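In what follows, chain A forms one complex with chain B and a second complex with chain C.
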Partner chain A sequence: MPRLPAGVWSLSGFSLLWFGGIVLPLLAIILVSFLQGRGLNINFDPTIKQYERFFSYGGGEMLARSVRIAGTVTLIELLLAFPFALWLAKGCKNNTVKLLTFTALTVPFFLSPAARVIVWRSVFGINGVVNQVLLGAGIVDEPVLWLIFSEFSVHFGFIGAFFPTMVWPIFLSVSLIDNDFLEASGDLGASRLRTLLHIILPLALPGIVAGFVFTFIPMLGDAVVSSYMGGNNVLMLAAQVQSLIGVSNFLVAAALAAVVLAIMLAFQVLLWFALKPVGGLAGVFASLRR
Partner chain B sequence: MAITNLSGTRFRLPFWRQLGDWAPTGISIIFGYAVLFILYFPIVMLMILSFSGEPNTGIPGDWTITWYEDVIFADIAKRDGEAYGSNFRVGDPLLLSIMLAFITAVACVIAVLIVGPILPRIKWRGPFLVGFLMPLMIPGIVGGVGLFMWYRLVIHVKMGIWSLVLAHFVWAFPFALLAMLVVASRFDTRLMEAAEDLGAKPWQRFWQIEIPILKPGIYAAGFFGFLLSFNELPFSIFMRSGQDTLPLYLWIQSGAHNTTVPLIFAMSTIVTIGSIGLTFVAIKLAFGGGKNDVK
Partner chain C sequence: MTSSEAGAGGARAADDSPVLSVQNATHQFGSLVAVDDVSITAGRGEFLTLLGESGSGKTTLLRVIAGLERPTQLGGIFIEGQDVSAVPASRRNCTTVFQHYALFPHMSVGQNIEYGLRVRGVSLSERRERAMEALNLVRLPETYDRRVHQLSGGERQRISLARALVTRPAILLLDEPLGALDEKLRVDMQVELLDLHRKLGITFIYVTHSQEEALTMSDRIILMRNGNIVQEGPPTDLFDRPGNRFVADFMGVENLLEGTLEAVSGGRASVRVGDHELGGIWSGGDAPAAGTKVCVAVRAERVRLSNESGEGREDAVNRLPCRAGITIYKGKYVDRTLDTDIGAVKARIWDHEADLADLTSLWWRDDECAVTLMEAEDS
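Up next is the complex of A and B:
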């Protein structure tokens, strides 16, 4: 006899609370970005002045830089993570190696992001160990300055920090591919490249898109790596938002956050379409049941 | 690779078995582990440098535990009202962070028990899932600004411990839910029906069937809630009020002066080792063993 499972009411209640915890704040960003006022006093007069201000202060350049850096690193991660995840899911037969790699890919999620990168400043600094070695070996005559607080160091810091977020979704989607498909493809005479392009890639696409979203979006809003590795030389979104809030320029900060939100929503739509062939998010969990 | 069998026909090894001897695979494995090295090098280096005489240079050596003594004694001296060399006081931020993490963990466990078992069973779970997992796809900074805008600017509430708890919960809940869903989607609801047919009351079904089966998910939710809250930074930047959490305090200190860098290394090392230890306990309790699996 089908009936409503007990607990639907508590689920609804919790969803309402959750609405106040995350949906209302996101709507508030959009709302506030179209208002005017000073400090904590805002009046409800719609305007697009905050966006004009943001772009006239060179916000567009900063935004473009953030998107460019996050995009570049995400592509690098994809190139590094896809073959690695493919091997981990289908090629690696050693269970100990697998388990160790899984653990290595999981632990960083639960560590302080700051503790994970702060050492690079000492390693790459003017008096840091890299420069001392280079000077000592006579490879350079004076300390290399672009090792830290530069675009190089920001890219470098991101690559390590955001690798697991790219590997996990691709790994999951590849390991869900039935081995019979690969075998059939081989039996029918397809080359390995053909199998990769026509079987694995289409079936792993949801994972690739998910990896892209889970890597690109948090990186775009990252507050830690960009400021530890980039200092004031490579100003990115998060630092800009923080400094705007710091000087009580809440409305322009809201406009900036709204732009990020728009980028994020575009990617969520992309993810939704990518997951559609496998039955959406719910389908992913249904497949876990097997 | 083609292999000839006894009857002389040549057949190909399945694709995934050929991966092992595929040259590009070798390169990709090396690259993959190289990135993992880049990820773990600074963590290991942090621990080594925290015991070194001159951590600022990044050169290990001149072993000492003076930085750890400073971290501990500076705080004790402050409590006794005495002056001490450094201005680095982690006591209060540490207590606040532990308290927040504990509250977040308990909140995550309760929330996950409400949502987790029911979600795989209802038809319209798609929108719920998207809603609950949304924070995973929102940069922390945007989530933090949003909470700030809504509570501070739009409805004018004062920030306090409650706002930090709320922010940490919003951040940690999706991870806790994911862990619980992995367990809950395998839950066989016929067990509940059988218990009901055999006359078990609702609370008996809850305590004697649901809780034991969902135990790995409950452990995972609690540990994830604790760890994610304890190390959370981007939300806290906007939701604090006066008191700093430990990551916030270290964050502010690291921007301030070079002299506190060794102390930050020492404190970060303590936190990192604690977090790694807890992560292993969590993984073992939640996913190890598999004794609780009911198929």
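Up next is the complex of A and C:
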């Protein structure tokens, strides 16, 4: 029997782990979502009742809201994080400033997500800092209510929580761009804007794609921000799954999870098509070959 | 020692206003002075080499010219008579060939070459045409659709040349372009660069640490050290008439004998080294007073062997009794170290018949030997 190279072994080992640890549970969720019953008494009789129930109770609207908010926030993150990462990777020459920035980007994440988010309540709440200041200055006569438990506050909460996940991959990919390329571009006659468009953006694309994936997808799965900052006014997928599990409604929770899964898959397909003009995912990473 | 344009092939005297003039450029990195109040000019179509060891400031000076480095202090930089001190690199009429090529990895060869045209808004068809022209110039027309990582080192070098030339700059700046190539390829590329220079008539400013490269290619060489110009002139000047001991050493003179100047007359210097009186051509500029420490610089291949005493001969001035030392066989020639009473002298013997086993003395002609200052005044 021919000896298999180590790569094959580790690949098949990985595949086995991945299948057993991730794919099987997902398949189980999908299976459960087509069953019926109440509580833990499950009846093995395929049905789409759970899906019907989910969509008839405004599930579609919540779905659309979740994707819309996650999408909007991801775009905002990209617009905020790209210039920031560019500055951090190429503009910031002072190592102390750099170190402090890295610290600022990581230290808050030692705290639990709930602890991090809940402080905003004291800032944006009815008796929060912002309202106190506004009332004290006489700018408003009564507390501004849309500051908390609104789409505004949910967006705000997400932006803070998911900034580093967008910054890090972009920072890394911009750091990898050789300064020679930027100098050569300028030397050949390109303005700063053209250097940004023709050299930096394409070479930073792997980081941008990674940042997008690591921001958008976990945001869809985040239950903390929407429940603490949105309350009952801004219901989102992940929080809903959690509360359904909380009341032991596993079947609808499974249906909901299956829907999220479907969205992720659709998103993957979308990404695949979006990257086609640059040669697909392989094209994105081709720029890393030297 | 300004350019007399007498060097080989450099005489394109139609327009003698300099295409480049850098006046009093100083550049500091923190407390390190990389370029120290340097002024240079380059003539139209000249092949000018900035020569020096690493850290001499030659690359910094090139980057100042390109606009990639904003000098700490500057009298002015003029390209084609226009002051470009405040003009960014992107709008200076010169392009750089980078040491490590800096070819954009996400673009094909064709896209790389067309880049300078693309950012200038040249139409697609003209871009393609001019890119093909440039590719033909560097003899790689079949590589248009290749990816950069599929090219060999020599090919990358030529593509980066084509990319820099396609916008037809007035000056081409080359930063040790052959540094990363292997020996044989480097020699081929030297010939190719010379060929391109002749064909295009563009001013080349070439940075290198290799005196051999500088001698082969340049119309004029500027030798730099610690941010200052040590000597400038045509290759023969630096090679045969080094202005001080550092230049002689850098240009590869094997035998540097320290002595006391006795007199300079008619361009000839006589020097006392130990018990011997040596003579050579004075190369150190204004002659210093007798008694100054000077350096007798003689190349190993100029040293000849003899087994006669040589008394009474005309050239007896540079004759030293010696004993044979180590012999190193180098294939094309033999290097011999000979012990004299003023130290070891290296002789290089190309002709086997001139190699003597029973030698008693060595000598060299005084017009094949330079006498020069010990070190530059400023260091």
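As a working rule, the second predicted complex is superposed on the first by the 238 of 290 C-alpha atoms of A that agree within 3 Å, B and C clash if a C-alpha of one lies under 4 Å from a C-alpha of the other, contacts with A are read in each partner's own complex, and residues count from 1 in each chain.
Methods note: a residue touches a chain if its C-beta (ideal position, glycine included) is under 8 Å from a C-beta of that chain, and two chains touch if they have at least 3 such contacts.
Only a predicted model underlies this, so the values are computations on that prediction, with no experimental measurement involved.
Chemist: If we overlay the two complexes on their shared chain A, which of chain B and chain C does A:Ile118 touch? Say first, second, both or neither.
Modeler: So A:Ile118 only meets chain B here.
Chemist: Once the shared chain is lined up, is A:Gly186 touching chain B (first), chain C (second), both, or neither of them?
Modeler: Both: A:Gly186 reaches chain B and chain C.
Chemist: For A:Pro143, using the defined touch cut-off, is the partner it touches chain B, chain C, both, or neither? Pick first, second, both or neither.
Modeler: neither
Chemist: Does the superposition put A:Pro202 against chain B (first), chain C (second), both, or neither?
Modeler: After superposing on A, A:Pro202 lies in contact with chain C but is clear of chain B.
Chemist: Counting only touches as set out at the top, which of chain B and chain C does A:Gly71 meet: first, second, both, neither?
Modeler: After superposing on A, A:Gly71 lies clear of both chain B and chain C.
Chemist: Contact-wise, after the overlay, does A:Leu261 reach chain B, chain C, both or neither (first, second, both, neither)?
Modeler: In the superposition, A:Leu261 touches chain B alone.
Chemist: For chain A, which side has the bigger count of touched residues, chain B or chain C?
Modeler: In the superposed model, B touches more residues of chain A.
Chemist: Of the partners chain B and chain C, which touch A:Val241 in the superposed model: first, second, both, neither?
Modeler: First partner only.
Chemist: So which positions on chain A get touched by both chain B and chain C?
Modeler: 183, 185-187, 286, 288-289
Chemist: Could you pull out which chain B residues touch chain A in their complex?
Modeler: 11-16, 18-20, 22, 24-25, 27-29, 31-32, 35-36, 38-43, 45-46, 49, 55-59, 111, 114-115, 117-122, 125-126, 128-143, 145-154, 156, 166, 169-170, 173, 175, 181-182, 185-186, 189, 202, 224, 227-228, 231, 233-234, 237-238, 247, 250-251, 254-255, 261, 264-265, 268-269, 271-272, 275-276, 278-280, 283
Chemist: Going by the contact rule set out above, which residues of chain A touch chain C in the complex?
Modeler: 178, 180-181, 183-191, 194, 198-199, 202-203, 286-290
Chemist: Chain A touches which residues of chain C in the complex?
Modeler: 66-68, 88-91, 95-96, 98, 100, 102, 104-106, 115-116, 118-120, 147, 149, 163-164, 167
Chemist: Residue numbers of chain A touching chain B in their complex, please.
Modeler: For this pair, the touching residues of chain A are 5-8, 10-11, 14-15, 18-19, 21-29, 31-32, 40, 42, 80-81, 83-84, 86-88, 90-91, 93, 101, 103-120, 122-125, 127-130, 132, 156, 159-161, 163-164, 167, 179, 182-183, 185-187, 192, 195, 213-214, 217-218, 220-224, 227-228, 237-238, 241-242, 245, 250, 253-254, 257, 260-261, 264, 267-268, 271, 280-282, 285-286, 288-289.
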